[in-house]
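Presented sequentially are two complexes of chain A, the first with chain B as partner and the second with chain C.
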Partner chain A sequence: MGKVTGLTGNEAIAYAVKQCNVDVVAAYPITPQTIMVEVISEYVYNGEIDAEYVCVESEHSALSACIGASLTGARVFTATASQGLALMHEILYVASGLRCPIVMGVANRALSAPLNIHGDHSDMMGSRDCGWIQIYAESPQEAYDWIIQAFKIAEDHRVLLPVSVNIDGFILSHSMERVEILEDGDVSKFLPPRKPFITIDPTKPITVGALCLPDYYFEVKFQQIQALKESFNVIREVNAEYETLAERKYGFLETYAMDDAEAAIICLGSTAGTAKAVAMDLRSKGKKVGVIKPWVYRPFPEEELIKAVGDVKAIAVLDRACSFGAPFNALCSDIIATLYRHGKDLRVFNCLYGLGGRDITPNDLKIIFEEALEVAKTGKVKEYVKYVGVRE
Partner chain B sequence: MVRLQDLPVEELFTSGHRLCAGCGAGTVMRMTMKALRGPTVVVNATGCVEVASTIYPYTSWKVSWVHIAFENAAAVASGIEAAYKVLRRKGLWDKYVDVIAIAGDGGTFDIGIQALSGALERGHDFLYICYDNEAYMNTGIQRSGATPHGAATTTSPAGRKIPGKPEFKKDLIGICVAHGIEYAATASPAYWNDYITKVRKALEVDGPAVIHVFAPCPTGMRFDPSKSIEVARLAVQTRYWPVYEVERGKYKLNIKVPQPKPLLEFLKMQGRFTHLFQPEAQRELEALQMWVEENWKRIATLCGEKT
Partner chain C sequence: MSEKKLGWKSLSIGGYLLEPGSAMKYKTGDWRAFKPVIDQKKCINCLLCWIYCPDSAIIRLEKYVEVNYDYCKGCGICANECPVKCITMVEEER
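Now for the complex of A and B:
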């Protein structure tokens, strides 16, 4: 068994990366991710890990260098946030298109303008269709656990896709919490050195990244679609194996107090922690509420979501990023689409909250739960998109 | 200097690619492959060479070849070099690999200069080759930071008010040398021996090296496809394209041009300069001539030559 220590989200990710025995890290600092790359460079400069740290001149180059390294067969990590992720945007698609199993830590942060360094999900939501596996952690512990699993998922030959592990900026990146860490040896056993499927080994020349015209492009993309589907099985297997190692249970989503729930909140990341506490409080007062927290946002876990929703009559979906001009924000759109597709007719409303690091308080969540209960009772949604905590 | 009989017969950049007839860049690629010394990975930026040489499921490359995007060839090369370094250290790879990044002038002078500067500053052991056809040819002949003054392109047309590109060419080698790299050079495909020798020399350098090679483009510079090498030679013989190298900061003129041909001979061959010969554009023509003279003087002086 591992030992218990105190780590911030950034440190937890850096520590996991160290135990995963990476070969190449190329990254560029940006708040609130900075400490992640500082800690990793410290490991490298102190000789605690044998890796090449490529101190690139931009995030665009960071991901570019990662792809180059990944194509040689190396195990590769990068990290970013906000404007940095936006600057990588072009290359995010190349990483997934070339099937590079890069793992990236993202400390989610708002996007300019106006300039803001605090946590929301605008950065990753803007990249949600780039073909990466996307995971959201609720705590530094989850971030640590997911990084280790992420390499195993990404590098599996049935998948070969990049994975991002997201932590809420400052709320998780900078808060120190209890983290149970595994023994180095256990991690190496769980995650042996990478066995690449194919590399740019110059003694067996290959061409990577060719121009693909209409006669082939669609097929290549279709393979990516299938790989992302296939990752369901791999994620499930990796979660199961990790559970026997760490005695912590992961899956596509976590359910809390959902058994006989009439109304539920669905949200990503750290907000779920507060929602769970509020739900527990309301439960003690006899109110049947629960929480669903997707860990894996891409590929979207439809089956698991339908199962988790059960007989709930109303759902409040919390989004921490705005899809400007859309009928609903991103997570809510996905939930509604899933319910529709599975013939589930229940009431859903969307709450946009927490932009630019605006706090969401237990009281905010209590009000949302109560509204959800009201919707469950009346079957009527008063307001389809609510803006929580904004001054009008 | 290499000897013709020593060059490998094998073509590592094969025929059958879709580059235009007479494409200077294609010739440059073929020559580049003749200079290799061992296992090599080529990173190619988006541009004519990339799109025309690897139309899936075909490829012209018999070395490992990677394309990622337009502006990041140097960054991708950095990652590859770093990876082989650590894999060798860990005993997971046992060979030395030459990494060559190849980009056009747009991918180098403009959008890619940041990635190039970063990679040079970090000192990765790789060779960067910029084939300079003096415009964005792949997207249909738009001006770049390498387009000479007065040249007509589709974004610097020979207009009634502004006759061709108002600005002058960037000093790429100067920028690269300012990074303190060990080797930088210019070259021309008309002087194959000089070019191939330089590629080999640059590969042997332990650290970053840059070669800036002229790549005549019949389509964009508008001349007959049979004249590519003639245009490339004239560029040198008119002193338009000084061929020199910089080793550890020391400049050396490789091709002396004691009796330069008139610049007009070079300009007149190319449709992109036709408008300069109209009376209204006389000043532009003179400005370009002046620039060529000044540039030659500057380079010759740096090379310790009498001008």
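Now for the complex of A and C:
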């Protein structure tokens, strides 16, 4: 058993990174992630961790430095948000393509323009096809727990892919909550030093990132597709091992009150917390509603989702990032595609909400639940994509 | 290039090249449309072509130079730089 403390999302991630004995951190501060790297740089300055902190001039350089460090066999962490993640976009693909098990904390924030510093998922959703494993946490506790697991998943030789752990900007990054932290020694036992599959060594020269023409490129990319498939097993194993250590259960998704639910909300991150509270309230009034919260967004947990959906008749999928011009926003598209692929014919509608950090209130969620119950009853969707709270 | 190509299972992870110097095996000579032909009687062995050749495809001999056609891509830089104009670019016949 560890001890209980109060930490913000940013601090919880920084603390987990410290306990994971990272070797190199290269990052550029950006709101609302700043405190995450500020705290880590203090740990390095105070000698609390034996790590190299590389001050870089941009996020593009931060991730580039991380790749170089990762190739030497180091355990590497970086963090960013919003425009910073957008600036990394090019290098995100290099990190996954070169199979560097980097872990990154993202304090999700809206993208410009208009300029906005508050939380939505536009940043990570805009890079969702970059080949990284992508995890969304609901609370500082979950962010802490997932960072520790993320290193173990990323560094497993069956995976060797970078992992991002996402927390909602400000809502989680800056709110202090109760966090149960493990003993340093327990984390070290759970996560021994990294064993790289190959390292850069001047006595045994290798070439990394060589030109790969049409005759080989596809095969190398297919290796990544396979690695993401392999990661399902690894994530399952790591979750199970972590549960015995921390007595907290993780998986690809969390279900709440889904057993006999007729209608459900599916959403990522902190909104799930509010949705669960509203569902509990509606349940006490006899309304059969539940919540599904995917933790792991990439690779997308199809089987787990189908199991979680059970006999629900209607689903409202909440997206906090806009896929401009698309039939549905990103999470909803993935859900509908999964249901189609598994022959599940049930009614789904999409709610775009919370852009630029706009609050989603319990009342908003109550209205969505009630509409989902109505759809479950009538079997008819009135509006396929709703824009929660937008003024005319 | 008729050698059997490796599939995703046998390729090294991430397309890493695990042995040094493997570029030697990649013979780029078949990219050539024009081929440099040296009139070795006129060559003064000044080695300007050897310096300028971007593919290190000029071979130094005692009194003159010759071209390694396995790697010469036929860019014509050597012919352009030769002070005595003893290199002619001749169209490849295929």
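Just so we're on the same page, the second predicted complex is superposed on the first by the 392 of 392 C-alpha atoms of A that agree within 3 Å, B and C clash if a C-alpha of one lies under 4 Å from a C-alpha of the other, contacts with A are read in each partner's own complex, and residues count from 1 in each chain.
Here is the rule we use: a contact is a pair of C-beta atoms (placed from the backbone, for glycine too) under 8 Å apart; a residue touches a chain by one contact, two chains touch by 3 or more.
The model shown is predicted, which means the values in this text are computed figures rather than measured ones.
Peer 1: Do chain B and chain C fit side by side on chain A in the superposed arrangement, or is it a clash?
Peer 2: Pair status: clash.
Peer 1: Touching A:R99 in the superposition: chain B (first), chain C (second), both, neither?
Peer 2: A:R99 sits against chain C, while chain B stays out of touch.
Peer 1: Does the superposition put A:G286 against chain B (first), chain C (second), both, or neither?
Peer 2: A:G286: touches no partner chain.
Peer 1: On the A-aligned overlay, A:P114 touches which partner chain: chain B = first, chain C = second, or both, or neither?
Peer 2: Neither chain B nor chain C is touched by A:P114.
Peer 1: When the two structures are overlaid on chain A, which partner does A:A210 contact: first (chain B), second (chain C), both, or neither?
Peer 2: So A:A210 meets both chain B and chain C here.
Peer 1: Taking the superposition on A as described, I'd like to know which of chain B and chain C A:F197 touches: first, second, both or neither.
Peer 2: A:F197: touches chain C, not chain B.
Peer 1: According to the stated criteria, A:G47 is in contact with first (chain B), second (chain C), both, or neither; which is it?
Peer 2: Touch partners of A:G47: none, neither chain B nor chain C.
Peer 1: Is A:G325 touching anything from chain B or chain C once the two structures are fitted on A? First, second, both or neither.
Peer 2: After superposition on chain A, A:G325 lies in contact with neither partner.
Peer 1: With both structures superposed, pick whichever of chain B and chain C touches the larger number of chain A residues.
Peer 2: Ranking chain B and chain C by residues of chain A touched puts B first.
Peer 1: Any idea which of 96-104, 186-194 or 222-230 of chain B is the one running into chain C?
Peer 2: Clashing stretch: 222-230.
Peer 1: Could you tell me which stretches of chain A are touched by chain B in one complex and by chain C in the other?
Peer 2: 98, 205-210, 212, 216
Peer 1: Which residues, counting only chain C, touch chain A once they are in their complex?
Peer 2: Those in contact with chain A are residues 5-8, 11, 13-20, 22.
Peer 1: Hey, which residues of chain A end up touching chain C in the complex?
Peer 2: Those in contact with chain C are residues 97-99, 160, 197-198, 205-210, 212, 215-217, 219-220, 222-223, 226.
Peer 1: What residues on chain A touch chain B, complex-wise?
Peer 2: 23-24, 26, 50-52, 54-58, 60-62, 64-74, 76, 90-91, 94, 98, 193, 200-213, 216
Peer 1: Any idea which chain B residues touch chain A in the complex?
Peer 2: Touch residues, chain B against chain A: 39-41, 43, 50-51, 54-57, 59, 61-69, 71-72, 74-80, 82-87, 89-90, 92-93, 95, 97, 114-115, 117-119, 121-122.
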